[in-house]
Structure formats: C-alpha cells, structure tokens
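Read through the structure below, which is laid out as structure tokens, and then see the notes.
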Amino acid sequence: MLSELFFGYYASAIVIFSLLVVTRSNPVHSVMWMLLLFFHIAGLYLFLNAEFVAAIQIIVYAGAILVLFLFILLFLNLREELKVKRFIGAWPAGLFVTTALLVIVLSVVRSFVPGPAGKYSIEFIKQETHTKALGKLLYTDYLFPFEIASLVLLVAIIGAIVLAKRKTRSK
Amino acid sequence: MVPLNWYLMLSAVVFMIGVFGFLTRRNIIIMFMSIELLLNAVNISLVAFSHYLQDMRGQILAVFIITVAAAEAAIGLAIIIALFRNKDTVHADEMSEMKG
Amino acid sequence: MNNYLLIPFLPLAAFLINILFGRKYLKDNAHWVSILAVAGSWVVTVITLLDVLSGKVVNEDIYSWIVSGEFKVSVGFLIDQLTAVMLVVVTTCSALIHIYSVGYMQGDKGYYRFFAYLSLFTFCMLMLVMANNFLQLYFGWEGVGLCSYFLIGYYFDKKPASDAGKKAFIVNRFGDFGFGLGIIMIFLTFGTVYYEPVFSQAKVFAVQTINFLGYDVHLMTLIALLLFCGSIGKSAQMPLHVWLPDAMEGPTPVSALIHAATMVTAGVFLVARCSPIFSLSETALMIVALTGAITSLFAATIGLVQNDIKRIIAYSTISQLGYMFLAAGVGAYTAGMFHLYTHAFFKALLFLCAGSVMHAMSGELDLQKMGGLKKYMPITYWTMLFASLSIAGVPGFAGFFSKDEILWLAYSGQSPVGKFVWAIGTVVAFLTAFYSFRLIFLTFHGKFRGTYEQEHHLHESPKAMTIPLIILCIGAVASGWIGIPHLLGGGEHFTEFLTPVLGHPEAHGTHAEEWLVMAISIIAGFSGVGLAALFYLVKTDIPVMLAQKFNATYKVLWNKYYVDELYSFIIVRPTIWTAKNILIGVTDAKIIEAIVNGIPKGIGEFSRILRKVQTGLLQRYAAIMALGVLIIMAVMLLR
Amino acid sequence: MTNLTGFSMPDLGPVMPEIVMTCLALLILLADLVIKRKETIAFLSIVSVAAVTYLLVGSTGITFNGMFIADNYSLFFKLIFMLNVVLTVLISVKYIAIEKVNFGEYYSLILLSTLGMMLMASAGDLITLYLGLELMALSTYVLAGFLRHDIKSNEAAMKYFLLGAFASAFLLYGTSLIYGLTGTTDLKAISSYISVNGLSGNPVLTLSMTMFAVAFSFKIAAVPFHMWAPDVYEGSPTSITAFMSVGPKAAGFAVLGRVFMTAFGAARIEWTGILIPIAILTMAVGNIAAISQINIKRMLAYSSIAHAGYVLLGIIAGTSEGTASVLNYLFIYAFMNIGAFAVVIMLRSEGFKGDDISDYEGLAKTHPLAAALMLVFMFSLTGIPPTAGFMGKFYIFMSAISAGYTWLAVIAVIFSAISAYFYLRIVMYMYMKEPKAAVQLSVSPGIALALTITVIAVLVIGVLPSKVINVARIAARF
Amino acid sequence: MNLNGFPILSTLIFLPIAGAVLLLLISRSNENLIKWVSLIVSITVFIISIPLFTEFNKSTHLMQFTEKHAWVPSLNINYSLGIDGISILFVLLSTLITILCVLISWNSIKAKTKEFYISILIMESAMIGVFCSLDFMLFYLFWEAMLIPMYLLIGVWGGSNRIYAAVKFFLFTLVGSLLMLIGIIVLYYQAGRTFDILELMTKTYPYQLQIWLLWAFFAAFAVKVPMFPVHTWLPDAHTEAPTAGSVILAAVLIKMGAYGFIRFSLPLFPDASRAMTPVMLTLSVIAIIYGAVICLAQTDLKRLIAYSSVSHMGFVTLGIFALNSQGMEGGILQMINHGVVTGALFLSVGMIYDRTHTRQISDYGGVASAMPVYASLFMVFTLASIGLPATNGFIGEFLIILGGFKANQWAGVLAATGVIIGAGYMLWLYQRVFFMETNQKVAGLADINLREIITLLPMIILIFWIGIYPNAFLGFMHESVKHLLERVNSGSMHEVGVAKNILEIIK
C-alpha cells in the first residue's frame, strides 16, 4: 500500500511541476520549477531502483543543462519579456491537438501487455549494485553506442564554438 | 505493487504537457524546456519498462538520452545566441523571414 | 494500240512544253505547239473513227494505277462507238477553238498560259472520254473541273473572275461528292470499277435492295442517282447550275470550248455510258428526265430577260443540256447523244460569234448598247443567224433533227413521264427560238445604240477568227444530216452507229403521231421566231410595256430566281458564321481551351493557397506535424 | 553474460570504415589549426573520403552482437553518402570563401554528419539508430546555421533544430513502446518476437509504428512533416542545402527501409496503409507548391519533397524489387540534385545572390554552357528519357506496378507531369527570355569537376542504366 | 537480314547525333560552316537510307534490317531495331524532311544557329528511332527524347507567343505519353516480363485489361495525331514555331501518333480496338469536318494550314480504324502524303514569311503577278491538299473514303463532305493570297530563288510520283497490312469466343 501512496505523490508532483514549467510567464520561475521536477523524477527512478540513472539525472540535467538555461536567460531583459503575452494566438488549437493525442495514447497504453522478462531480476541488481551492472553493460554489450555518444558530445562542442564564439576569425 | 500502466500513463501525460508547451509557448527557451520535458517523459517510461521487464536495456538508453539531451542543449543554446545576436528577439513567431 | 495513245498524250506534251518553257522562250508563238498537238490528235481521231466504223472496238489497260487489297484499277482505254463520237466532238471543237483563240487572245500577257491550259483541258477531256474504268473517268472528271477553274479564273487579277473560278470548282466538287460515293457503291457491289464487268453483271443485281444510311433502297437506283449527282454538277443542271452563268467571266473561247461543247456534255456522256445501270431502275430514269425538263424550262425562262449576250447563250446551253438529259431520261440515249453532237457545233458557233461581236465592240456585252451590226460584220451575222436557226429547230438545220428526235421519242417512249416531258420540251422549243432571235435582232438589226467611238471602231474580226466560224457554221448546219429520221427518208445513221453501245430506242407511236409531233415542234419554233421579230423589229415598245406590267415576274427572272442569294443564305454564310463564332468562339475557345488552360490555372491557384499555408511560423509547422500524427494514429487505430 | 575478464573484443573489421572516418574527421579538425589555406583542407577531406570508400568495399559482416550490420544494403547507401560528401566539398570550396565563413570546422562537421549517416545505414539496433541519427542531425543543424551573420541561416538552423528535436522525441517514444512490447531493441529480435507472438493487430505496435513513421517522414521531409524543408533549404548555405537534400534524406530512407522491412516485416499491410496517404500527399504538395515559387532554392526544396514522394512508392511496394528501385532512384537523385544546386552556386558571386528564378533570364545567351547543364538537370529531374531521372522513375513505377499499385503509379505519373511545368519554367527563363543584367559566374575547379561528374553521370546512367540497376538489385536483398 | 552485317538502322539513328556533337565543336562564329556541316550530315543520312528503299523485300511481313543487342539485361530491355512495310516510308520521309528543314532555315535563322541545327539533328535521330524501334522502352525513349528539341525549337526560335505554345505542346504530349508509360509497364508484367513488341503481339490479354490499355495508349497517340478533343495545341505550336519547326512538326511528328495506333494499339489490343472503332470513327469524322469548317474562318496563314492538317489527320485515323485493307493502306499513304503536302505548304509559307514577315492573309493579295513561279508551285500543293486526281492526296483520300464507307456508311459519307469543305477553304486561301489586285505590302516581291526551288522540288516530284504511280509506295505495305489485319480482325476472336462460352457453362 505504501508504494501506491509513494507513487501517487511523485506522479502528481511531476505532473503539476511540468504544468507550471510550461505555463509560467517568467522564464526564471519556469527554470526553478523544472529543477524541482528533475528532483522528483530522480526520486521516482530511485523508487524504480535505478539509482545510477537518478544520480545522472540530477547531475547532468539539474546541474548542467538547467545552469546552461540560466546563463541564456541572463541575455534576456526580463522586464520586456514579462509584459509580452506568453502563448501564441492559436493556443486553443494546440491544446485540442495535445489533448486528443493524450486521449489516444492513454487508450492504447491502458491495455498494455509487457514483453518477456529479461535476466536482470531486481534481486540480481541489488546484489550486483546498480552502477556496477550498468557500467559493465556499457563497456561490453553497449560499447558501440557509447562511442557514438562520445562523438555526439564532440559535435556538440564543435557546433557550440562555431556558432556562438564572439569574434569571427575567418580569413 | 504499482502496475506498469500507471507509469506509462504518467509518461504519456508529461509527454503531452511537453508537446503542449512546445506548440503554444512563444518564448523559444520555454519551447526548448518543453523538449527536455518530452525526453524526460520518455526516460520515465524507459526506466519503468526496464524495471518491470527486469532488463537493463531501458536504463542504458535512458543514460544515452540524457547525454544526447545535454549535447542538444549545448547546440540549441548556441543557435539561440547566434540568433539573438542578429535579431534581438527570442520569440518564435517573430522568426518568419522565410515563408511561401 | 499505241497510236490511240497519241490522242490524249499529244495535248499533254503540249501542255508540259508550254507550261515549262512558255514564259521564257515560247511567249507569243506558244499557240503553234498546242494547235499542232490538237490537230495531231484530231487526225488520229479520224483514223480511230474509221477503225470503229469498221467494227474494231478496243479495251486495253496501259499500266496498273492503284492496287490495294482486292481494289485494283489501272489506266486503260475503251474505244467504242460512244467514245468515237465524243472524240470527234472534242477534238474538232478543240482544234477550231485553238485556231480562233490565236486571234482572240492576241497580245495577252499570259498567252502561253492560256494555250497550256487549253491543251491540259483537251488532255483531261480525252482521258475522261476514253476511260475504261470509273476511276479514270473520275480522274478526267476532276481534271476538266480543274482546267475550267484555271480558265474561268484566267484574268486572275480581277475579283469576279477568280470568284467565278472558285465557285465553279466548289460546285463541281458537290457533284463529285455524289459521284465518288457512286463509284464506291459500284466497287462494293461489283468488286471492280471496270466498265465491262460492271455493265455485264448489272442485271444480276437488278432487284437487290441495300441498306444505305439506314434506309432500304433499290441498289441500282441508288448507284444511278449517285452517278447522276456527278452529272448534275458537271452539266450544270438544277440545283447545281449556278456556276455556269458566272463562268462567263472567262475568255470567250473558253466558254465556247468548255461551257458549250465539251466539258458540260460530260454529264450526258456519263449517263449514256452507264445506260445499262440507268435502264435497270425506273425511278432513276424518271428523275433524270424530270430534272432535265425542269432545268431546261427554268433556264429558258431566265434567258428571256437577260441583257448580257454571253449570259443568254450560257442559259441556252443549260436549257439544251436539259434537253439531252430529258432524252436520256426517257431511254433515248442515242437521241441525247445526237443532240449533244449537233449542239456542240451550233453552241460553240454562237459563243464564238458573241466573242467576235465583243471583240468588235471592244468588250461591250450589253444588248441594249448594240444594234445594227449587220452591215459592219456580215460573216459573223450570217454564221450567227444559221446557228440561231439551227438551235430554234428550223427544219433542215441540225438542231431540228436532233430536237425533233428527242421530242418524238419522249412522246412515243413508254416512260411514264414521257408525255408530260414532251409538253415541256415543246414549250422550251418555243422559248429557245424566241430568245435566240431576240438576241439576233437586238444585236444585228435596228439602229446602233452604243457610244460614238465604239461605232467608229466597229469592224469584222480578222481571218483567224472568221475561218473557224465558217467551218463551225457548216458543221452546225450539216451535222444534223447524218441522223435524218426514217420518216423523212433518212437513214438514221447516227442512231444505228451508236446502237451496239446504247441499244435501240423503241418508239410505239404511229407515223401519223410522228408527223403530228414534228409539226407541233416546227410551229413552236416558227411562232417563237415570229414573236421575237414582232417584239424587237416591228413594235419595240411591247417588251418595255410587258416588263412594267409583269414587273414582279420580270424582276424574279432578271435575278435568276434569286438562286445564288438562296445558296449563299442557306449554305455559304451559315458555314462561315458557324466557323467564326461557334467553332472558334465557343468550342475551341470556350470549351477545349477553357479546360486546357483551366487546369493549369487551377493548379496555380491551389499552389498559391499552399504557399499561404507555409507561413514561416515555427509553431504552425509543429502544429501541423502534431495534427499529422493525430490523424495517422486515429486512422490506424480505428481501422 | 560474459564476466569482465572473459570480455572478447568484438570483431572490428566491418566497423573499420567508420573508425577511419572518425579519425580522419578529427585529424582534419586539427589540421585546420596548422594549415591556413582552406583548399588543402578540402582536398584532405576528399582524400580521406576516398580512403574510406576504398575500405568500405571490403568490409562486410555483423558486429557488436547485431548492433552494427555492414551488408550490401548499407554498403550501397554508404556509397551514396560518400558521393554526396565528395560533391558537396567540391562545390563548397569557393562558395564558403564568397560567403566569408571559410572555417575548417565546416569540412569536419560534414564528415561527422556523413559518419552519422553511415551509422544509421548500418544500425541493427534502435539505440545505435537513434544515436547515429542524433549525430547526423546535430552536425547538420550546425551546418545549416553556418552563416552566422545571415539572419536567414540562423532562423533556418533554429527551425531545423527545434522541429528535429521534436521529431526525435517521437522516435524515442516509439522506441520505448517497442522496447516495452518486445523487450528488446534489436531489429531482428523484434521482428521474430512479432511474428512468433502474432502481434500484428496490437494497438501498441500500430502506435509505435506510427511514431516511427512520423520521425522518418520528418527526416525525408514527407508531407505533412515537410514544413521545415523549404525554409531550411532556403536559409542554409546552398552547398549545405545540396548536402541536406541528398544525405539526410537518403539516410532517412535507409533507416525507413531497414526498420520497416526487417523489424515490422510481418505487419506490412499496416505500415503500407500509413505510407500510401503520406506518399500521395508528398507528391501532390511537393509538385503543386513548387509551381508558384520565385526563389530557386525553395523550388528545388519542394522538388526534393516531391522526389521523396516518388521514392516512397518504392518502399510501399515492399518487395526486394521495390527496395532496389529505391536505391537506384536515390543514387541517381544524388547526381541530378547536386548538379542543379552546383549551377545555383555558380550564380552566387560577389554582391549577387542569384537565388531568384528571374536571375536566370537569358542565361543561355550570356553563359550557354551553364544553361545547357541546367537544362540537362531540369529535364532529368522531370524524368525525360535520355536522362537518368527517367530511368530512376521508370524503375520505381515498375516496382510499384509489379506490387499491384498501378493506380498509385498513375497518380505519380500525373504529378510528375505537373512537375514538368515548373522545371520547364526554369528552362524557359534561361532560353526564351532576354538577359536582364550581365550575370558573372564564379567558377572554381571544384565546381567544374563536380558539374562534369554529375552531368556525365546523368547522361550515361540515362542511356546505360543496367550497371546501377544490377548493383541496386544485389544490394536490395537483405 | 541487314545486308551483309552493316547495321544500317543504327547508323541512321546515331549519325545525326554524331553530326550534332561535331557541331558542338565548331565555334559559334562561322555560321556558314555550321550550316554546311549540318546539310552534309543530313544528306549523307538520306543517302544511307536509300538502300532501305531498294533492298526492301516486299513479299514478307516480317521485320527487316533487324538488330538486337542487350541494353538492360536485368529488366529484359533490349536495343532492338527493325522496319517493315508500315514503318519504312516514314523513315525515308524523316530523312528527306530534315534536309529540307536545313535548307529552308539557311538564312531565316539568325540567332543561336548552332543550337538550332543541333536540335534539328537530334530531332532527326529521335524521329528515325521512333519508327525503327521494336522494343517498347526504346520506342518510349525516342518518343520522349523528341520532346526536348521540339520544345526548344518552338520556344527559342518561335514567333511572338512562342513560350505559351511551347509549354502547351510539351505538357500536352508529356501527360499523354506518361499514361502510355504506365500502359507499357502493365503490359510488361502482363506478358511475362518482356518489352519486345513482336513477342507482345503474339499474346492475348483479357478483354477488360485491353480496354484500359487501349485508352492509356490512346491518351498518348491521340494527342500526337491530334484527334478532335485534344488538338488545340497544334495551331499554337504551328503558328509560333519557326518554319523548319512547323515543317518537322507537320511532316513527321504528327505521324508518330497515327503510327503508334497502327504499330501498337491495333495489334496489341485487337478486341478492344474492334469494340472502340465506332468511337474512333466518330472522333475522326468530327476532326475532319471540325478542322475543315474552322479553316474557313482563319485569318492567320499558318494557323489555317495547321487546322487543315487536323482535318487531314482525321482522314488518316478514319482510314486506320476502318480496319480493312483499303482504309489502312489509304491511311498510311495519306500519312506520307500529308507529310509531303503540308510540309511543302509550310515550306512555301516560310519562304513568303521571310519576305513579308506577316502571316495575316489580309496583308496578302495578287502575289501571283509578282511571283508567278512561286504561285504555280503553291497551286500544285493546294491541289494535292484538296486531293485532286493525279496528285498524291487523291489516292490516299479515295482509299480512305472507300475503306471508311465499307466500315461504316455514315463515316464514309460525312468524311467525303470534308473533301468539299477542303476545296472551299484551300481555294479561298489561294484566291485571297495570290489572285485579285496586288496588295501594296506584297507589291515588289522577288520570286523564289534557286535554293528555294530545290527545297520544293523533291516535294513536287513525290506528289506526282505517288499520284501517278502509287504502287511504288503501296507495294511496301500490302504484306504488313494484311498480317496486321489478320491479327486485328481474327486475332484472338476465337479465344474470346471460347472464353465466352466457358463462362456460360460456369454461370
């Protein structure tokens, strides 16, 4: 019974916070709500005994990406931003489409039959400790995607420099 | 025991909120955050699947998604800066130089 | 066989020489080439006449012309009695008119062209006459039509002349339309277009009927009438007679040769040649007779009031041709041919005299402006007088014998319309006599009504013109003598000569009736001459008074029953109108072009709408994407 | 699950081309610091591509337990990518100098993007597929925004980035659903699971298939997910537009083919149901919208959308003949499209944008050779026989009809007739109108070489297509 | 049998292309060299085509001078050429017409002469290719390849409204031929993966499919012919094209449509063509009368001749769909005649246009007095166009009306009226242009020079040669037409019959 209660809290928190992120007019408030959201998602991961993923979630998402967002927000002159209206003119259309999509997806997901059980039973993970299991897999079975991920990060760096560097030094 | 469907419903709701944010908010940065929401929604369902299917594949993909999200954030914000430098606006509906 | 080839191919050679070397080298002595050629073919014709007289009939092919599937036709010659008669008529008239033209066309800038066309015409007419199959007949048929187009439109820089030429050709084309269909019907029934097999098997199909355009029609009547369409067009019978009066725009020798002696008679020749087919169908013969009769009456009435000398003779030609068809219609083909033979001489003579009168009056044609030319042009006067006597049917002259023969055979033949047609014939005889002598009296008798310098300029035509007149005059008088009927002790050699080809006409009347008919026709002829003398010599005011009293009828006759206006109103103007506004205006422009241009314009419009959808707004793109996802999911899940 | 010590190093043979490509890309990045003349860097990148191509031919096999499949199918696509890179580098040497963005990173980003495409082509697993796609996408976003000073380029990059991220989110959602349903992300395992458990009617499967269809349609710019293409093609630098119109599109088709053929092979009727309306819409919008365009890059964008529609026909056919026609068409499409863009680039000279169609008036008088080249490409894009375009389209129609979609082929034929109108408009402007201003062409050895390669290829394949068709048929059997 | 191994047909096709490539090398400046090279090339091509005429074996309907090489083996497409009684005359016509086109545009084409002659030579190879190819794909390749040069010919060197006309021509033909492409591919699969025409002709196809395919092919060929509803591109294309362009268009391009009917529609879909003959006959008769009547109201010289060719081609399609030997042979001969006569008419209009630069009939009048030689030549062409006996027009028209009448009496009678209206508008045209008072605009015109006479001479010779001795040309067709008609009339009649009663038994 405890787990349902626990899940209920987390789920409702996540939904409310994401709604707040999306609807607040002041971008800084949105970032703050997002921070709280990430914490709750990390909590959920813990609940699903994916400790390492939760840790990464906090470090990468909350730590790195949100900080990046804050830097960008500094560029904006907030006062002018508050006065302007938040949503585009045709926002009811957007709402309608999203709710329709939600209804369809929910109807499909409700009758969901999960696939075959894999080898990594929860006890095995607890006994192996989650990070070790994840690490071993990353470096054996999923070495290839791991390398590609590194390349993706490389491209991100090059791209960021090329686009955002202040002084162009072209010949 | 919390059934798997609840998780899926949660991720679907978060996903749709992200889509709603993306479709309706004028400020690009908020649109950007909505995309992060989408990715998080997918992560939730992935981790939930990997938990119920007792298989690590979901979590691994979640990790990769987070790395890609980080890379995307870097590039996205670089583009926003480049755009901001030229056009001094951060609203999507003012960016309609090209149409027709 | 090869000397027969010379007849048509000599004029052809002359034509080629004149047309190719005429402009630069021959210029004014182009006439020698044509005259020699025509004279050569005249000589050979005489030889062939002698051969035919001695019973030598020739039917030979030269080379195979068209072979397509089972349709085989070749260029070939059939020389029998009928051809011989036609050859004589064509070559003699052509030769004389060639000589006459030397004088008449003196100094004309297109001199070589004129003689080239004359030779071409002679070639085509000879090919027509000597053909041994229907397609070569059609070849000659259209060939003479073409030459008449060239010769009528000879003075091409004048609009009326070129209009007349065009009108002649197109009206002929109407006739040839029927003629062509006739030939096709013949091929489809007999499987060949050669005369010999067609005429021999004709009896086999005597009773057969065929479904033509939905109607069940008697086969032989259908073929006969289709062929008759051709002859109506060529011989200017009702309703396709309109082109002949306008054809007078051409030089007079042309009218003499083509529109009197040779081309217009081709229609009669066709009916005569196809007598086996015509005689198998009662209705066809009846229609031929009636058309001939009505046309002759119709033309004769118009001829009464015309003032243009050439137009009068033209109407008289139409009327005389009506006679010949009348004869053929009652089964008296030989009589028709006899009248054709005699008519060629005196009608050509009339035209040539008119030509020399015109020559003298420096181009003046209106009778009202002539008068008293007797003393200035004695030869022309006398020759024209003999011709008029002959045409009026005064006994002793050629016209009398042939016309009387026709009237008698009409009266005594057992064709149902015989009597009725005979009556009309007699009335026409009276009218012919009247207008012929009206012409003589108005031109040669009374006092001169022309301008002073015309009078001063009056002179007899040069020798080159008068000699052919004299020769023709002899022909006009003497040509009848070979066909003097038994009644008057003659041997009827002409009919005997043609019987093997056209069969012998039976007459069921007694001698008394024959005498009676002859008497009536003589009375008709003399009363016509007398009345004309009364009107135009003695009391010249009567015609004027009559014209006012019956003004309406006078105007109708003067305007040729408004037939020309009728045609242009029914056929010519509506076609051009439909072409202009309906076809160009509506169908082409509105319907087809509308669709053809409409579709791209529609697509263009649609493309502009699509461009509006592409607003450049990022959210709109995302919204459309989301909508796309929604629709696909809905469709896929509901299916 | 092998323990740590018993870890056997996976066979790297098949992956060797990708590894070499990565090293060379990095090398070029470093070389940019040392070498000042950008032409040498361009030359270096062409040499490296040549080396990779040489390696490619030999390396086939499956490694990383199914994640990386280097079969004939992926080999053919990699050939297209290599061709795409070489031609793009050739045409952009002088172009980026004119646009004053002459940085070395340009070439390394192109190589990295091509690497991403190669990974997508031989991805046997949804994870590698997603990462390869992101690698290609990210580098292409940057390349799209390369003209930092030009507002249009920034806007193009922004639009491409946001919509790209949005679409890849859908891809991820689809992957997670499939993972949930079948417990694996390996394509072969998925297909065996579906056929074993007979899930063809399952709503979740349909939902995930739709998600995949959406993501890939975005990549190949099929309607209704094509909205980004015209703006991005117009905004980004022309050499990159050329690169984008061939590379990512071909990669999209590679992935579309592989995922739908192998993974969802059993549920063929369902996903053809999805693709047919998309294909018809794509051909319709692509052709019709292009008619009223004034900017040539936008017009070529719509034309490339239309061509995506034709290629979709081959995929819908579903047979190996269909896939062969897709491969053949994309190979030919690469030549004619980049050729056309090369001519557009030639018109771009100092102070003269050369983007509007009206700039082409009277080109036949001022530059007959350039006009003749454009004529060949335009007629090839329309699909008139002596050119390769016809052979490509013809083979697509053949495969569609043999699979029983005759009515679809008729619709495609009607739309390609409509396409004739706007291609013809260009030829008409060039040949039948008087030149307005004296257009001065910026010709460089690179562009000249690229144009010769493309025009020869278009004409030779047009007349002797059997070589390409045979290779495509071998490649199609996977 | 390709006379001791020499691939005559391939040389005929590829020599003009070689010539075009040669022209590419010559510099744009010395136009004279360009003109002479193209003239020599076209003459050599004509000379090479003559042995076809002499060596042709008239006693067999089989294909002659055949060549077959694999082209795309994987799709079973072969490069196979061959001609028979039906196609040989067209090959000769194309080679002859090209020479005349080169001659006529000697000094009337000033701008971009090099591209002009290149397009003409490429046109020639495409034309010959269409008539010789025995493989559907090869046929389609040449059929479409001819679009590009023609589009350029009309568009670049045309008259004032050339762009609209060029685009209209291109789109009309393209839409039609694309539907044919679909038909070809469906046929390919239906007949077991082969494009070889001879093989396709031996097979029988289900009736319903035949109807569909017939209409697909009809779309392509009817536009080309042009038959009634889809003819509006022709007047625009003709009036706007340069003289050489409209000559090629009138003399050869139009024939491809009718040739397509004979070579493909009839033999491949015998039952469908028989079922569709009433429709086709009505369309042809409408085309004849519609084309002829509309000519009466034309004011533009070239437009009038263009509409007259709509009417003449109505005759041809009537002949073809009469499905009897007279109609068919008449149709084929009429195609040659129309090529010669309308080609000559356009050549002569081109000559007068070079002098007066106006096409309005009202600007002309009394030209005969200024240019007698020209007037007499034009008269010969007018007479041939009307179908006067002793000219080629008569032979064709008479056989067609005979065949048409045999097939359907109404069609025959109505077609014959076309002959009358034809005489009407042609003579009226001739009168307005050549007779009557000399119009000031055409007062002092120089008569045609030697070059122009040489251009028209072959036409005159052909007109009278076919007129007087048509067997020289009809002889070629007999065997092939007989074979074709056997296939169309009997063809799969018995199979259909058999199929029908089996159905009865089953029902």
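In order of appearance the chains are A, B, C, D and E, and numbering begins at 1 in each one.
By our rule, a contact is a pair of C-beta atoms (placed from the backbone, for glycine too) under 8 Å apart; a residue touches a chain by one contact, two chains touch by 3 or more.
These numbers come from a predicted model, not from an experiment.
Student: Going by the touch criterion stated earlier, list every chain that contacts chain D and also contacts chain E.
Tutor: Chains in contact with chain D as well as chain E: C.
Student: Taking a step as a move to a touching chain, how many steps at least join chain A to chain E?
Tutor: 2
Student: Taking each chain's centre as the average of its Cα atoms, which chain lies closest to the overall Cα centroid?
Tutor: Centre-most chain by C-alpha means: E.
Student: Looking at A-B and A-D, which one has the bigger number of contacting C-beta pairs?
Tutor: A-B
Student: With chain centres defined as C-alpha means, what is the inter-centre distance between chain B and chain D in Å?
Tutor: 26
Student: What is the distance in Å between the mean C-alpha positions of chain C and chain D?
Tutor: The computed centroid separation for chain C versus chain D comes out at 79 Å.
Student: Taking the mean of the C-alpha atoms as each chain's centre, how many Å separate chain A from chain C?
Tutor: Computed value for the inter-centroid distance: 104 Å.
Student: Please tell me the distance, in whole Å, between the geometric centres of chain C and chain E computed from their C-alpha atoms.
Tutor: 38
Student: Could you check chain C for residues that touch two or more other chains and list them?
Tutor: 600, 611, 614, 616-620, 622-623, 626-627, 629, 633, 637
Student: Tell me, which residues of chain E touch at least two other chains?
Tutor: Counting only residues that touch two or more other chains, chain E contributes 171.
Student: Hunt down the residues of chain D that sit against at least two other chains at once, touch-wise.
Tutor: 127, 131, 134, 138, 141-142, 145, 148-149, 157-159, 162, 166, 179-180, 183-184, 203, 206-207, 230-231, 293, 421
Student: For this structure, give each pair of chains that are touching.
Tutor: Touching chain pairs, listed by label, come out as A-B, A-C, A-D, B-C, B-D, C-D, C-E, D-E.
Student: Can you check the complex and tell me which residues of chain D touch chain E?
Tutor: Listed in rising order, the residues are 364-365, 368, 375, 379, 384-386, 390, 394-395, 397-398, 401-402, 406, 409-410, 413-414, 416-417, 420-421, 424, 427-428, 431-432, 464-466, 469-470, 473.
Student: Which bits of chain E are touching chain D when the two form their complex?
Tutor: 71-75, 112, 115, 137, 140-145, 147-148, 151-152, 155-156, 162-163, 166-167, 170-171, 174-175, 178-179, 181-182, 185-186, 188-189
Student: In their complex, what parts of chain C are in touch with chain A?
Tutor: Interface residues on chain C, with respect to chain A: 617, 619-620, 623, 626-627, 629-630, 633-634, 637.
Student: Contact residues on chain E for chain C in the complex?
Tutor: By the definition above, chain E touches chain C via 168, 171-172, 229, 231-233, 290, 293-297, 324-326, 329-330, 366, 368-369, 372, 376, 383, 388-390, 394-395, 398-399, 401-402, 405-406, 409-410, 412-413, 416-417, 419-421, 423-424, 427-428, 431, 434-438, 468-471, 474-475, 478, 481-482.
Student: Write out the stretch or stretches of chain B touching chain A in their complex.
Tutor: 1-2, 4-10, 12-21, 23-27, 29-30, 32-34, 36-37, 40, 43-44, 47-57, 59-60, 62-64, 66-75, 77-82, 84, 90-93
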